[in-house]
C-alpha cells in the first residue's frame, strides 16, 4: 500500500483514529448540556445548557493560552511549565510517546478540559449567576484541571509513582465530582430545595443526552491510548461492556428498591458505567470490565438516593455519578489490573499490591485538591461579586433573568420593539 | 343561555366530542387542565426525589348553549365521559348573560349556533 | 353554589393546593394561563429581534364549592398565593347554577364533594 | 361586574391585547384552547393513519371588568379579533359576584383595576 | 512512515475505521429510541425509549456471555459453538478473514445484535409490560439473532451455499421485521387501535432520529467490510445514494397518493432506503444502488398504507420498513450483484442465476425462523407472566405505570415525599 | 504491520479518516434542520426541517447524475465537463491529487453540496411553498453550487489564479449566504414580518443543532485535506480553536450591547466561528485561527442586529452568518496565510500581497454569481408556479398546509378516517 509520507514518527492509522476521537469528545459537551438541561425545570433550561456552551468557549481559550502547557509541558511534580503557553512549539511533530502530531494531541486533551469544566456546572444550576460562573470556570480550567491532569498524565508525582489512570479517573471524574461537591457547598442550596419538588422538565433530553455521551465516550476512552493499538482496542471494547452491566444492575436496583425501573435512572446508569470504566478502560480484561460496570452501580446508586435527604443541594449529582464512579474505577485498577492485558502493570489480585497503594493515594489526593481548590476559587469569586441570583430572580427563572430568553416561546403577548423604542426599551429595563 | 363547563378524562375527550356532535351541539372550546379530586395520588421517583402527584390530566370543555340545548348537552357529556371509575369529572352550569359572534356581531342564541360549512 | 376562579403565580401553585387541602377543599381543576396586569414587562432579545413580553406565566384554579365553603376557599387561596408583590393575582366568584358528577349523575352539593378513597 | 370570556384566533391574540390596551383594559388572563365550530375540518395523515382534525387552535381571554368597562371591552375584542372569516370566535359575558385582589385583599371594582407600575 | 507495530495481520487503517464504525452503530440504538419515542403518544414516550435502552443493557450482556459465540464460533450449519462463550479466546489477534483484533470484531457485531433487538420493540410499544419485555429480549438476543447471524456470517448453511448478505438483510432487517410481526400477533393490538387515532406526539424526534440513524448507518454498512478496502468504500457510498433515491420516490408517492409530502413519511423513507441497501451495499454498483433505493420505496410504502386497515397493530411498522425493505434488498442482489464491483459473485442479470436461487432461499428461511422462534418465545414468556398492561394502565400510560415517571413534568401538584413517609408512600402505592 | 493490499495510491489511513469525515458532514444536514426548526414558530417546524431533508434527497441525486461531474470533471475555467456524469468512471482508483478512491471523494463532496443547498432554505422558511422549493433546489444544486465548487476546487479560474479556499468559503459559505440574500429578495417577507414578533419556538433545538454542527464541522474542515496529513491536522485543530474565540467574543458583545448573554446568540456564534475558519482552516497558524475566530464575530454580529430593522426578511440570517463569515475568512487568508504552516502560499502579512488580490477577487466573484444565478432561477420557478403560500395558509402554518401534519399532536379532536371515507376524506379536502 501507499501512504503519503508523514513526518517521522507519525502514524496515519493512529492519526485517523485520534482525529475522530477528538471530535467525539468535543461532541460530548453539547450532549452534556442536553442531558443537564433535561434535568432542570423549564425556566432554567437555557441557562443550564449555556453553562456547557460557556465551557466550550472559555476552557478552550484558556487551554490554548496556558492550560495545555501547565498540564503537559515538563515541569515539576505538581504542575507543568509554561514553555508550551500560547501553543508555542506545538506543531506537527509527534508528541513524545505517541505517533500523532502534538497539535492533535493538544486538541484531544483540550476536549477533556472542556467537558470536565462543564461537568462541574451540574452542582450550581438553577441559581448561580452567569457572570460569576464565567469567572469561575476561567480560573478553574487553569488552576484545577491542568494540575490534576499533570499529576497523572503530564509527568507529575502520581504518574511518577505509577498510579494508573487510563482516561481520567483523577482529573476528569473525581476532579469534576469533588469540585462539584465544593461548589454546591459554597453556592448553597436552591431556595425551594428540600421544601418543594424540583423535577426534571424533560426526561427525553436526559435519555438522548446519555446516549450521545456514551457514543462520545468511545472516543474518550478509546482515544486515550493515542493509537489504534492494544490499549485503545481494549479500552474501546470495555466502554461497551461496562456501562451495559451498570445498566442491568441499575435496572435491578430500581426494581427492588424503587419498585419501578426508571428512565432517568437508566440515563444515569449509562453515565455511571462510562465513568467507572474510564480510569480502568485500558488496564483490565473485558470480563473484569463487566464486573467493574456492575460494581460501580452500587455506590453511585446509594449516594443518589441518600444525598437529596441531606441539605447538600449538589443538584445534578455530579459527586455521586462522577466522583464516586471515578473513585470506584481508580481503586478497582489497584486490584484487577492485568499486565497480560495492559502490558504495563498488575493489581493486587495479580500479585502487585503496590499498585493498589498508589491507586489509593490518587483516590485521596485528587479529591482533596479538587475540593479545596474549587472551594477557594469560588470564595474568591464570591468576594468580587454575588454568586447567586436573588430569590426573586430564582423564582422567575435563570433563562429570563440571565439570558433574556425563554427556551420555549409562543409569540403571544410579545410586542415587537422598534429600533428607536428598542434602545429605550433596553435602557428602561 | 347557559355556559356549560365540563371536566372529563383526556382519553374520553373524543367520545365526548362525538356525543356532542350527535346531539347537534356544534360549538365547543376545549383545553387541557389538571385536576384533583377523589383519585388516588400517584407516587413518582426522579433520581433520589420521590413525589406524590396530586393532579391528574383532565380535559375541560366550555360550551355556550341556548336553553333548549342545556339538557341535551349535559346528557351528551355524561354519555361520552362516563366510565364509572372515580375521576370521571364534573359538569358545571353557569348563567350566560350575553354571547357575541365576533365575526358578525350577532348576539345570543344566534351567536352560539355555528354556521354549517 | 359558587364557582371560584383564581389566578395565581405558578411558583405558588403548590402552596395553594396545600392551603386548599388543609381547608378541606378536595376538588379543584387547574390550568396554566398567561396574564397581564400591573407587572413590569420583560424585555427579551432573540438575535436581532427585541420584544416586550407583556404576559407572565400564571396558574388558574377553578373550584366549585357549596355556599359554606366559599369563604374558606377564598381565604385558603389568599393564604397560599400571597407574596405581597405586584402580580399575586385575582380571585373571581361566579354563581353556579348546577353541578353534576359525571360518574354518578349526582348533582349540586353532592357533586362537588369528592369521595375520599 | 362581569367576567368577559372571549375565544379568538391565535394569530389575532396580539392585536386583541393591543386593542384592550388602547381601551385601557389592563388586567387580562389568556390561555390556549382548541375549538370546534363552523370551521372546515383538516385532514392529516400520519403514516397509514388518516384523521380528521375537528379542533383548531384558539386563544381564550378571561377579563373581569366593572360595568362601565363591559362594552368597551367587547368592542375592543371584536376590533382586535375580527377577520370576517368563519372561525373568528365568540365572546361570552357572565355575571361576576365578587372579585378579590390577592395581594391586598381589595375587592370588586378596586380589585380589577391593576396598579400602574 | 512509521506505524507502531501491531500484532501480525492487524491493519492500523482498518482498525481505525472499525473503531469508528462500531461507535456509530452503537449510537444508532439511542437514535432509534428517539425515533420510536416520537411516534408514540406522550404518555408512552419514556417506556418506548426505554425499550431501546434495555436492549443496550441486556443484549450486550447476553452477547458477551453466549451470543457472540453462538453466532461466530465455529459450529454446525445451524448455530455456532460455545468455545467463545464468556469472550473466551477473544483477544487482540485478528479475527480470521479480517485485519482487525477479534475483540473489536466482537464489539462491532455486538452493536448489531443490540439494535436488532431494539428494533423489535416497535411492534409492542404502548401496551407491553416492561418486565416481560426484558425477559423476552434476553431470550431473543440469544436464540434468534445469533442463529440468523450464524447462517449468513458465521459459516452457517446460507453462507455455505453462497447467499450474499453484506450488512444484515437476513439477521437484522428481516430478522427484526418478521419478529415484530410475530410479536404484534402474540401481544395483540392496543385497546383503542382502529377505534381512535393514535398519533405520533413529536414528529421532530422522528426526523432527528432518522437523521442520526442514517449517520450511524454509514458505520453499519461501511463497517461490514471490516476494512477500508473496496467493499467498504462501495458500501459506504451506496449508503449515501440509495436512501436519497428512496426519499425522492417517497416524496413522489406521498404527493400523488397522499396529496401531501409528509415529514414522518420522509423520516420513514430514510430508514427504508438504508434498510434496502443494507444487504446489497457492498455487492452492487452505485447506479444499481440508486435503483434499489428507488425500488425499495414501493413495497414498504404500500404496506405502511395498507397495514393500519387491518387488525394487525404492528404499531411502528417494523415489518413494513425492515422486513419488506430487507427482503427487497436480499432479492435485488440475486439479480444485480456484479463481480466486477464486489469481486465475489454476480446476480442473474450478470449471468449467474444460481445466486438468485440462494437469495430466495434466504428470503424464505430467515423470515420463517424469525417469525416462528419469536412467536414461541413470547408465548413462553406469556405463560410465566402477563405480557400486556391492563387496559386501565394502558389508558393511564406506560410511563407512569411502568416507570413511575412522566417525560414532561411541570412541578405543579407534585408534593415532595420525605424519607420517612417516602418508604410508606412507596409501600402504599 | 500488515495492511490488506489497496489499489496503487490509496492510503488506508487517509481512507479511514475520509470515510468518517464524509459521514460527519452528512450528519450536518439533519443537524441544520434541527437548528433551523428551532428558530421558527412551532406551526412551521416540520416544513423547515423538511427543507433540509429535501436537500438530502434531491441534491444527492442531482450530484450523482451531473453535479459532481460539473464541479470536478475537467472542463473549462467556468464549469466542469460531463464525462463523470452518472458517476461514469468514478471507481476505486484514487482521485488525482489524493490517496482516496474517487468514489469516496465523490461522496465526500456530495455532502458539501447537500448542506449548502439546505443552508439556503433559511432565507425562505415559514412562507415558501414546498413544491417550488423542490424545483428550486434541484436547479440550484446543478447550476449554482457545482459552478462555484469548480472555480475553487475543480480546476476553475480562481483555482488557476491561486485563490485559496480550504473548505468552502466561496461555494459553501458565500455561496449559500448570498443565494439566501437573493432568495429572500425574490420570495419576499413573511406577512407579519416587522409588524409582529416572530420568535424561535424552541431554543434547545438551536443549541443542540449548533453543537452537532460543530461536531460535523470537524469532518467538514478536517476532511478537506483529503488525508490525515498536515493540512488536515491543522484545519481540524483550528476548527476547535476559532469557534471557541468567536463564542467568547460574542458573549462579550452580547453582554455589552444587548445587556445579556443570549443562548441563541451563543448558538449563532458557534456557527459563525466555524464558518469563518472554513476557508482558512488549513492555511493559517493556530494562533491566527484564534484571531480569525474573534474577528469573525463582529461583522456577523452587526449584521444580525441591523438586518431585522430593514425590510429584508432573510429570516434565519444565512447572509449574516455564512455570507459575512465566509467573506471574513476568505479575506483573512489574503493577509495571514503562512507557507510555513500550509506549505503552499503566504498572505500579504507574510510577504505575498498577490494572494490578497486573488482572495478579494474571489470575495467579489463568488457572491456576485451566487446572488445573480439564484435570483434568476427563483424568478424562473416563479413563472411556473406561485412561490409562496397564501397569507391565509401562512397564518395556518406550513406544517398543516404543506405536509398535512403537526409537529406536536395530542390526539384530541382527531377522528380516525376509515379506509372508505378515507379516500373520500382525501378527495373532499
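A few notes on this one:
Letters are used for the chains, namely A, B, C, D, E and F, taken in the order the chains are written, and counting of residues starts over at 1 for each.
Going forward, contacts are C-beta pairs under 8 Å (C-beta built on N, C-alpha and C of every residue); 3 or more make two chains touch, one makes a residue touch a chain.
From a predicted model like this one, the values you see are computed outputs, not experimental measurements.
With contact taken as defined at the outset, chain B and chain D are each touched by A, C, E, F.
Considering every other chain in turn, the ones in contact with both chain A and chain D prove to be B, C, E, F.
When the C-beta contacts at C-D and at D-F are tallied, the pair with the greater total is C-D. At the interface between chain A and chain E, under half of the residue numbers appear on both sides, which makes the contact a different-residue one. Computed from the mean C-alpha positions, the centre of chain C lies at a distance of 50 Å from the centre of chain F. Once the centre of each chain is set as its mean CA position, chain A and chain F turn out to be 32 Å apart.
Spacing of chain B relative to chain E, judged by their CA centroids, is 43 angstrom. Multi-chain contact residues of chain B, defined as those touching 2 or more other chains: 14, 17, 30-32, 34, 36, 45-46, 49, 51, 54-55, 85, 94-95. Listed for chain E are residues 3, 6, 11-13, 16-17, 20, 196-200, 258, 260, 262, 264, 309, 404-406, 409-416, 426, 429, each touching two or more other chains. The touch graph of these protein chains is complete, with an edge between every pair of chains. The touching residues of chain F, when paired with chain E in their complex, are 1-4, 6-7, 11-13, 15-17, 19-20, 22-23, 26-27, 29-31, 33-34, 37, 45-47, 49-50, 53-54, 56-58, 60-61, 64, 86-87, 90, 92, 101, 103-104, 106-107, 110-111, 130, 134, 205, 399, 402-411, 414-416, 418-419, 426, 429.
Put simply, chain B touches chain E in their complex at residues 9, 11, 14, 34, 36, 42-46, 49-55, 85. Residues of chain C that touch chain B in their complex: 3, 17, 26-31, 62, 64, 94-103, 105, 111-112, 114-117. Chain contact summary for the complex, chain A toward chain D: residues 410-415. Across the complex, chain E is touched by residues 10, 13-14, 17-18, 30, 32, 59 of chain C.
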